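Please go over the structures that come below.
Shared between the two complexes below is subunit A, which pairs with subunit B and subunit C, respectively.
Then we have the complex of A and B:
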């Protein structure tokens, strides 16, 4: 171990000697400036917390920008200041930064943590996001400092630390969102809220039509997209010999995947809607959502089918099975877990999409799509050609347009939407583990 | 050919006598075979006969074309881009590289066991029944869709190859592959849970379920431990009572132990083929002697 340590200290020394005197002075100056500005920033935010009209918004934006820029530059320069000795270790310093920002976040949600220069009317979501960035940054910074203080000794510990940080931060954010939504939304969740439609005359809000509408959209999109997507993947992996066809389809699918969802909506509005009924329809929404689901289905199916070992194909063909039989009985069953997981992830995405369906499929407070009836003909296609309500759109309508409910009911709707998406993920996990039992390569 | 077989009957005495009549002709006749991969000539003018109900071993160093030769017998080479075959291979006296030959039927008649055990990620039962079911799919394509309605409501499934109950086919195949006792009661559990040696015997059973006449084995024991490999070798000897076996092996001792005939390939050419005992003890060609004694290869 000894020689390695020597090498490291030698390199460090070499690095330090490369920094010019002027550079050191400059960096030291920046550090002092940063600390000063930090004090100013903290006192400003405290003042703002006490007296919101203390400074004009413009001044706050300018100050905020300067502070951010200097802080960023100093953070880069901080590492190479060789003889700076903080009173406590860098690691503890950064950890205390994390803790104190958490404390500020809890006690001053609107002033303390929000980036200066932003509008005073801050939603809790934005505060959450800024906390997320701050905590992530501080945690990574703490880990790096921890490592830089003694690379030879702290390498293993730093790796462990980073592993935990990278696990805990996303989990924490997820847990925060879910817990927050549950806390805000659970108050309005009753059986009536879920199982009945709104009765505006009596002022009762119900989201049953929105739940059924979202389900109809998802099911329709899946029915359109999955056979097409899996078929395309089978063709691409098993039949298409020429490289350029595969490449062309791959690039097209990627482009489709990265197309903004509102563009899908616009396309549906100018192309599909006039050709179906002339007004918003469930069918148009299903087709557009299918187009959004398609690229992910193609990508995950292609990957899943490529991952099936050739030994299975050869084994099947050597028994006299035809190519199609091999695909149907060996290749597809082996790749179903991954395909299902991919499709369910895609469903999780489209279930929450508002933009594409806003123009072409939804209207607030319509009836639930009613495909089945107790009298002849028992099954109708009518709902396909009429408007539906959907959970994300209901959320949007309540929140933005103030239509049909209070903010509390918006949170309730959000909770139902999250539960629905998580149900789909749970279903994906169950299907996956069911098929995994028979898979062992 | 008849003469060779007769010699074998005498040399092994007694019970082998009755086989003399049956094995009077070659199961596979290969004449002037050339196989190309693109421009590369992997097999150069090979002619040999694989006799009925014998174990024939193909030995030779890596890359000498043993597997290529094996794969060209059940036309698995068709799957490789740029592979091209010249010359003739006749199975039961019929050229297999003509347009009339249905590849599905050919492969059903010529089973193959691979180097690495490759059971499908299905149950043991479904693995064995795979071949017959694939064949019934083939028949449906041939006879039209309505033939499939006939057995739709019948509860027991029958093998389309010999019309026997599928359960019997599965059990017989497993028994022939000496695996039935070990998987008894676990027929409907995943084949992936079996050990490597059991998986390889399952693959042999799977090949037997389609009632093949010839079984091709491509280094079937090379990925197994010595005990499992020994069981497979015993099994091959048992199988040679009923089937023609062509086995590719890296392991010369294995060829000496289990085969009746041995052929040595060298860089795509057939150096020598003959009775195993004779080839190992008293080779005709200098090259063979060098290879067997380990001076080349």
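Then we have the complex of A and C:
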């Protein structure tokens, strides 16, 4: 261990010896300046979150001046201090710091930010946004701090910090979206809202038909897509013995997966609609959504079936079972949990698709599809051939109605939709983690 | 004995031919003549049932084979039907259709120039946001994150891709559009700028997860070798892992660009629907239109030539995304082959 340590301190020494003493002092000075600026920003943003009219015009101009001065000093410092070749990343970092400071000023005019929806001086949005920029700022600042002190270990820490922040930002946005939707939507959600249809005469709103429509769409899509997808995966992994067949199906599934959803809509519009009834039908929507679910099912099932160890197959074959029997009784049962996970995640994704069904399956304010009845014949296929309402389309229809649309209803619909998607994702992830713990190999 | 065997396999062959033949005729009639023959359908169903009872193995294999062609069939049908309906729009004057600057429904002048430009601007902006964040999140998840955190982060990123685009569009429309209108003091709500931001967030998970796979696929011994020479983890990642994964990361970027290009609802709800070039041409604060939002907003009440032009737009979009995804697939499979060998 000892020699390695020596080596590291040697490199440190070598690194630092390239810079003059004054240079090092100036560096420390710069760091302290930036640190102070960071503290000022932190306190200012906190104040701003509590009291939006805190920032006056003069304060803004003073702060702007200070920032520009410090930025200029930094750039000069780079020129003066570093006798050795300054890495370009130093410049980039100081640049991004200046930019992020600038962004803070652009986004904090002296009235503060009042987003529509909630009113009052202290808004959660304001706090969120200032926090967001503070995180960026702190990240850049800390990165600069670490990076400036050149040794490789600090650089590693800096990178770790940066990448961590870049994961946090999208997750922060996700959390913000979900929390905001819950805040706005929960006011509308009542049992009546979920369990009844809108009654325009009495001015009541309800999204029951849309919920049932979405469920019929995704159930139909699953019924069409899963046998095809799993079947394709079984054929590819168990029967196809040439590489190019797997390649070809893989490529087509990839292409199908990345085909834009509106193109699926157009395809349904020119291909399915004239072949089914000539107008929008639930069945057309189910088929198109199945086509979108299919590639994901193929991919996840192939992965799941490939993961089943060959010993399972060989064991079964050695007992005299046929290939198909082996697949049905050994391979499929042991890969089903993974397949279920993949399908659940896929359903979560297609449940919210709007563009494809917009043209071929939906109309707003239709009744919930009635497949079952209490008297004979108990089960009807009729709803398959008529239009349905669906949650994502309901949301879009409210948006399209513009001023006439009810924003409350929109938030409620968005909330129900998000909860539905979360439900499928949650189920998928639970199945996956349960299966990972309890699988037989 | 031999006779019995031949008779048996003869019956099997006849049954197979009958069922497959009627399936082929049924499918062809459905595609070409828009008819669905219920009798042929019954032949197929009962034939398959009989086959299942008597020759389960070969029936299963045949069914599985047909299932494996389903993705290709659908892709082919999409390509053919979009081509049939969309190609006439290109036929008259393809150069004007792609580069012209006017889209007037009343005057029946259709050209996609502004929409293609809009798609380029919006996708570029989205990539500017999604690429750096996506790749560095991938590095964090693959290399720096502890195991327990990784098992939380990966589903969370997946969930980001799962939030419906219509919800993104609605939240973006209500919050971002009006916020941007206030801060920059501009009089319109739907610019190229706002949808770019939302699309960046939407394309991020694609880039992050594919790039993470690519980084993960680099054999660990390569990095370990570098670490054994005394470099830090980041130096090993920078000098060994990332260069080896670079083609996979490129594939991730291409896929992300394809996602952003094909995203429909969020853009449709946030953009201004003005079918003309912005002036000056780089003005991202003007209302505009992209290929996807054009189709989504106009197909509902279009007729005649307009439908044809919209189908042309769809065909163009389909082809671009197809090329992008095939390219990324080729890059990915090269990467895989290299590591399998090496």
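As a working rule, the second predicted complex is superposed on the first by the 257 of 441 C-alpha atoms of A that agree within 3 Å, B and C clash if a C-alpha of one lies under 4 Å from a C-alpha of the other, contacts with A are read in each partner's own complex, and residues count from 1 in each chain.
The rule is short, and it goes like this: contacts are C-beta pairs under 8 Å (C-beta built on N, C-alpha and C of every residue); 3 or more make two chains touch, one makes a residue touch a chain.
Treat the numbers as computed from the prediction; the structure is a model and nothing was measured.
Contacts of A:180 after superposition: subunit C is touched, whereas subunit B is not reached. Of the two partner chains placed by the overlay, only subunit C lies in contact with A:270; subunit B stays clear of it. In the superposed model, C is the one of subunit B and subunit C that contacts more residues of subunit A. In the superposed model, A:363 makes contact with neither subunit B nor subunit C.
Look at A:316: by the touch rule set out above, it reaches subunit B but stays clear of subunit C.
With both structures placed on the common chain, the touch criterion links A:419 to neither subunit B nor subunit C. Touch criterion not met for A:194: it reaches neither subunit B nor subunit C. Shared contact residues on subunit A (touching subunit B in one structure, subunit C in the other): 322.
Residues of subunit A that touch subunit C in their complex: 4, 7, 106-107, 109, 113, 115-117, 125, 152-153, 155-156, 159-160, 162-164, 166-167, 169-171, 173-174, 177, 180-181, 227-232, 234-236, 239-240, 245, 247-267, 269-271, 274-275, 291, 294-295, 298, 322-324, 327-328, 345, 348-349, 351-355, 358-359, 392, 395-396, 399, 407, 410, 414, 417-418, 421-422, 425, 429, 433. Contact residues of subunit B toward subunit A in the complex are 74, 76, 79, 81, 103-108, 111-112, 114, 116, 118-123, 130-131, 133-135, 137-138, 141, 190, 192-193, 203, 206-207, 210. By the touch criterion stated above, subunit C contacts subunit A in their complex at residues 30, 34, 36, 56-57, 60-61, 63-72, 74-75, 77-78, 81-82, 84-85, 132-133, 136-137, 139-141, 144-145, 151, 153, 155-171, 173-175, 178-179, 183, 201, 204-205, 208, 230-235, 237, 255, 258-259, 261-265, 268-269, 292, 295-296, 299-300, 310-311, 314, 317-318, 321-322, 324-326, 329, 333. On the subunit A side of its complex with subunit B, the touching residues are 241, 309, 311-312, 314-322, 325, 329-330, 333-334, 437-441.
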